[in-house]
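Shared between the two complexes below is chain A, which has chain B as its partner in the first and chain C in the second.
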Partner chain A sequence: MALVTKENAGLRLVTRYAVLTLVALVFAFPLVFMIISSLKPDQQLLQDTSSLRAFLPVGDISLDNYRAAFDRAPIGRFMLNSIFVTIVTVSMSVAICSLAAFAFVYMKWSGRDAALSIVLATLIIPFETIAVPLLLMVSRLPWIGVEGVEWGWLNTYRVQIVPWIVDALTVFLFVQYFKDLPRELIEAARAEGASWFQVYRRVVMPLSGPVLATAVILKSLKMYNEQYLWPLIVVQDEAHRPIMVGLGYFFQLNVAWGELMAYLTLISVPVLVFYLILQRAFIASIASTGVKG
Partner chain B sequence: MATVRLSDVRKSFGSVETIKGVDIEIGDGEFVVFVGPSGCGKSTLLRMIAGLEDITSGTVEIDGQVVNDIEPKDRGIAMVFQTYAIFPHMTVRENVAFGLTIKGAPKEEKERRVAEAARILQMEHLLDRRPSELSGGQRQRVAIGRAIVRDPKVFLFDEPLSNLDAALRMDMRMEIGKLHQSLKASMIYVTHDQVEAMTLADRIVVLKDGKVMQAGPPMDLYHEPANLFVAGFLGAPSMNFIPVNVDGVDGDHVTISSPSVDRMTVRGRGREFTVGQTATLGVRPQYIRAAAGTDGMLHGHVELTERLGSETVVDVALPTGGKIIAALPEDRILAHGSEASFEFDPSQAHLFPEVER
Partner chain C sequence: MRYLICSIALGGVATVATAQTELTLWYHGAGNEVESEILDGIVSDFNSGQSDWSVAVESFPQGSYNDSIVAAALAGNLPCILDVDGPVMPNWAWAGYMQPLPVADAAIEGHLDATVGRWGGEVYSVGLWDAAVALYTRQSTLDELGLRTPTLDNPWTLDEFNAALETAKTSGNYDFALDLGMAWTGEWYPYAFSPFLQSFGGDIVDRSTYLTAEGALNGDAALAFGEWWQNLFTAGLAPGTSQDPADRDSGFIEGRYAFAWNGNWAAAATLDAGVDDALFLPAPDFGNGSTIGAASWQFGVSATCEFPEGAAAFVEFALQDRYLAAFSDGIGLIPSTREAAAMTERYAQGGPLEPFFALSDAQALVRPVTPGYVVAAKVFEKALADIANGADVADTLDAAVDEIDADIEANGGYGH
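The block that comes next holds the complex of A and B.
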């Protein structure tokens, strides 16, 4: 029999905080290490890794690494590229994937179930397997620009955006969410004279806050943090290069550790800002959909 | 204002036929109630009229136009759902105005019509609230308001009162009745509650297993039920059914007998009977009277009496094992287990060739 006394409860509280603090530290250590190291010259940085000094701003502290990193790579350009590609892709993705999910869940058309199965089946295809065929395709696609028709999409923003707009996971998230919305709301809107698109815009989307947050967060993190292989293949010019490919600038003959840490710290700032803005939506969406980025 | 006509309407879900050939005509401004037990296909039928469910075969016409392939939004209908289905992200005002907003109606017209609907339904004070701040009855008012602002040709109600408690249900029932009188619009109302059907309808359509059992004005169905099912479904308490033998047939006069009732002659009401067959005698509890001594035509033991003041409902066990209910129009005390004798006017009894179940 457990006796619940005041001391017991107090002890439990202390234990809980201790555990939470420990977990927070485990997650914070790499970040602290990154930021602290970005302030140290390479030699000291490497020496400090063998002791707790690695986490302390001690010794020869300066912003020299940042200055050098800016000299080495057009960081501002890379970040703008990544942010631009992320914003455009994510907005188009949630718009188009939610429309697709709407058609899959609410509208009746022949072949619907088969089509949905095929879309969801693409979840299991790793990107690496389609990278080469996709490269061949985009290298020959036409585009109507200011100077008429151009051929080939290499070294552009669109080659980094278009292939990523539609993905099965985002469609799936919306499909699951739409299935759980009360059907009568959709039927009431239709009976009230709404067209399919009006049902989508005025009833379904305004009620889709949680799934929108989830989709935006997952997709944004993917587009900003994980775009490496594809842009490495299709973007050769600096003007369109995203941040992750920019990492390569710091892995030349000798790895410039301090500058690398400075670069990583800088490119983390937008993620941090994004997180702070969407913090509440972030927590709510994980709580409601059980999906973690 | 419109007429609705269903001709041989059928609906299958996969291989299961749910609606099995329904013909109904609804006149301009008529209040028609579809009534039947749960699962008989009432909602399915209503949803086909609304355009929310496609029609497997047959035709639905609104105002003479076949609407089978017409989108709900172009059918000129408004629908009120059992679960209210009001939009949780909009205020009451926005909910009521939804149909007008969709149509792109001018702001002044919207305000005027929402105010008018709110006045009719006495919910002016609710207009700026959110649905989550409303009670069930208030939500249903909003749903009805949303239907009336658009001035539809046909109103469709799918069990709009089933989620309300008993007292509120009666109030709302009367309000819907008044609404029909003032709007004079065609209304189709689905319910499994025979009291709602009897009180609201100009005409009742009784459904069972996807088929129309009988259609007509409430009192016609009450007094002249076409079959055992309708006889048992309408009226409370339900009609008593007593199995009998047919002893003689003389035109429309049928002589019957049974261990439970004295031999008597009742009207056949145009139904065919043959001598020797078994049949079912139906007598409404309200037509059964207590007889003096043992003079009555029905005898049994009193099992239970419910004294309601103006009426006494008596459960009587028949010697053959069956049971009947009598609703006596006075306050009576009948001792439990006592022998009692009852009578009724054979001309008010019904004789059905079917046997129950």
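The block that comes next holds the complex of A and C.
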């Protein structure tokens, strides 16, 4: 009887691994296709799409597409721009949104609940509906730089950063998390004479690792992967363009498919590295928020 | 001391005398290395050849170029010189994004008609090249199917074209008789397919007034076109809207289509891929003459440019035959003048793409010259896709007419 049970357990294990392997393969196929295709000339790439050869490094394999992609577009510049904008935006976002959430959860002030409702209500407003008014606004904003006051933020990094620092989702994540922290800790710190900022910095934030990771991951993916429309309309200068606008360089009358795949592979590297470093936090964040990046 | 002051004063005068006024130029060719290299060469020659103006180029990806222009116009950030797709120019002129381009008549004399953009009786834009569409096939295909070779003077009639497609289909040698390029979307539909409608006798809008599409897009001729168009797909003569882009790129070259409706920009790749007996045939005549689309990218001057004379000086400089020929040799498009065509490798007499210049010269018809074209083109595209997918022809065309007319009315007739 015990033997039968062991056999059943073994069979279940094999079945489970087989299913998991199959699912993993399905999810890996686009990545494998992208990487393999980036190594093939266009003609072969197009021919192979109708068979399993599309996923195999067979035929005329080379790094020519990568060389050509670098010739076609300033990829390094685009990647640096995206990484810089992402890092600065995410850093400022978690700092400011967590401060806002702290004020919403722990501090008492008139209109607090109404203000929180208004912030959360912006979740349902698509960015496309405010893009034009925002464009008109940033094109006329002042900025104090080393050469004095300048007017208009177009063709700068700040125009790609500032409008994205505060968003309702990040505030909401921090609010929900802060609500679950033990109130006694905050009250004890206040009773000991800590200022609100000291409570935030020395009590709340050290306990907020999980929500911090979630916010950083979700925001980073949004800033790195999804910034297209906004930079398209506010950045005409090539030196400030991010990676997603750079995609358009490969869509000519005849699409350079191989080079496009090489470009996609290259710009995926920072995301993959980011994922590998924060793998555990990544899975936990998706599990906790039910939100996919 | 007096000598020093004089020297400084003279130096200042010399600096002023040689200072060039910078003109920004926005271009749609980012990512196209050859095109960018040629344009940069022209700009460099222009900048070093005179002392009044200095042009600085900023290139954009073509797919998002129009959005960038519209956004810049809203933000008051337009450049001085911009390039504009021919059929879009009237919209930008009407919307106040552009002003007339003060080029000398002599500079555009002898240019293909479609390369000069006119609106309200004035020149707004000038192109260095044009594009043309032809019916691709092989001489061996015509021989095998027993078909005559159509010419500009004697193109295939509707019956001949239909018979050619049917013969190709029944031969069993091809996946489809005709590749229309349904995998391509956007401007390809009105550019490539509205000439079929015009050859039937219809049009996207009524060009006599530009105030309605009634009768043009849903009259008898348009209905006949719509039925013929739908039959191409229901009879299995052409792949429909689900065509794989890869098939569009390689299907004709690999011999899976007997005929392909494609532009001159794909001709060089077809020849290079080893299709030695390729033929580029004129559009069939469906009863109202043979027509193909026309007007490609052109240079113009923005409404906010303070130096239209500088912009015109650059455009006139760029219109030299040697530059038109260089662009043609580089990116394969049709040079705007016969003289420039004669200087090219492909479009010169006896060159492999010579037929395209003749097609552009003889059959080209610009898309409706109206600001409303931008909307009408999208409506037309959707209607053709719907009909190809089996929608009722009359209902679809009526709905398209209603939508186009509503847009014209909402915009006060677009100034017509």
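To be clear about the criterion, the second predicted complex is superposed on the first by the 283 of 293 C-alpha atoms of A that agree within 3 Å, B and C clash if a C-alpha of one lies under 4 Å from a C-alpha of the other, contacts with A are read in each partner's own complex, and residues count from 1 in each chain.
The working rule: contacts are C-beta pairs under 8 Å (C-beta built on N, C-alpha and C of every residue); 3 or more make two chains touch, one makes a residue touch a chain.
Predicted model, so just to flag it, every value in this text is computed and none were measured.
Taken together through their common chain A, the two structures put chain B and chain C side by side without a clash.
In the superposed pair of complexes, A:Ala73 makes contact with chain C only, with no contact to chain B.
When both complexes are overlaid on chain A, the residue A:Arg202 reaches chain B alone and has no touch with chain C. Residue contacts after overlaying the shared chain place A:Phe250 against chain C, while chain B stays out of touching range.
When both complexes are overlaid on chain A, the residue A:Leu99 reaches neither chain B nor chain C.
On the chain A superposition, the C-alpha centres give an angle at chain A of 150° between chain B and chain C, rounded to a multiple of 10. By the touch criterion stated above, A:Ile87 is placed in contact with neither chain B nor chain C.
Touch criterion met: A:Leu154 reaches chain C, while chain B stays clear of it. Touching more residues of chain A than its counterpart among chain B and chain C is C.
Once the two complexes are laid over each other on the shared chain, residue contacts for A:Ala281 go to neither chain B nor chain C.
The overlay of the two complexes leaves chain B and chain C separated by a minimum Cα distance of 49 Å. Across the two superposed structures, the residue set of chain A contacted by chain B and also by chain C is empty. Residues 108, 182, 184-185, 187-195, 198, 202-203, 206-207 of chain A touch chain B in their complex. Across the complex, chain C meets chain A through its residues 26, 30-33, 58-64, 67-68, 71-72, 74-77, 244-246, 249-250, 263, 265-266, 269, 273. Of all the residues in chain B, the ones that touch chain A in their complex are 47, 50-52, 54, 71-73, 77-79, 81, 83, 85-89, 98-99, 101-103, 143, 146, 150, 156.
Those residues of chain A that touch chain C in the complex are listed here as 42-43, 46-47, 49, 71-73, 132, 135-136, 139, 152, 154, 232-234, 236-238, 245-255.
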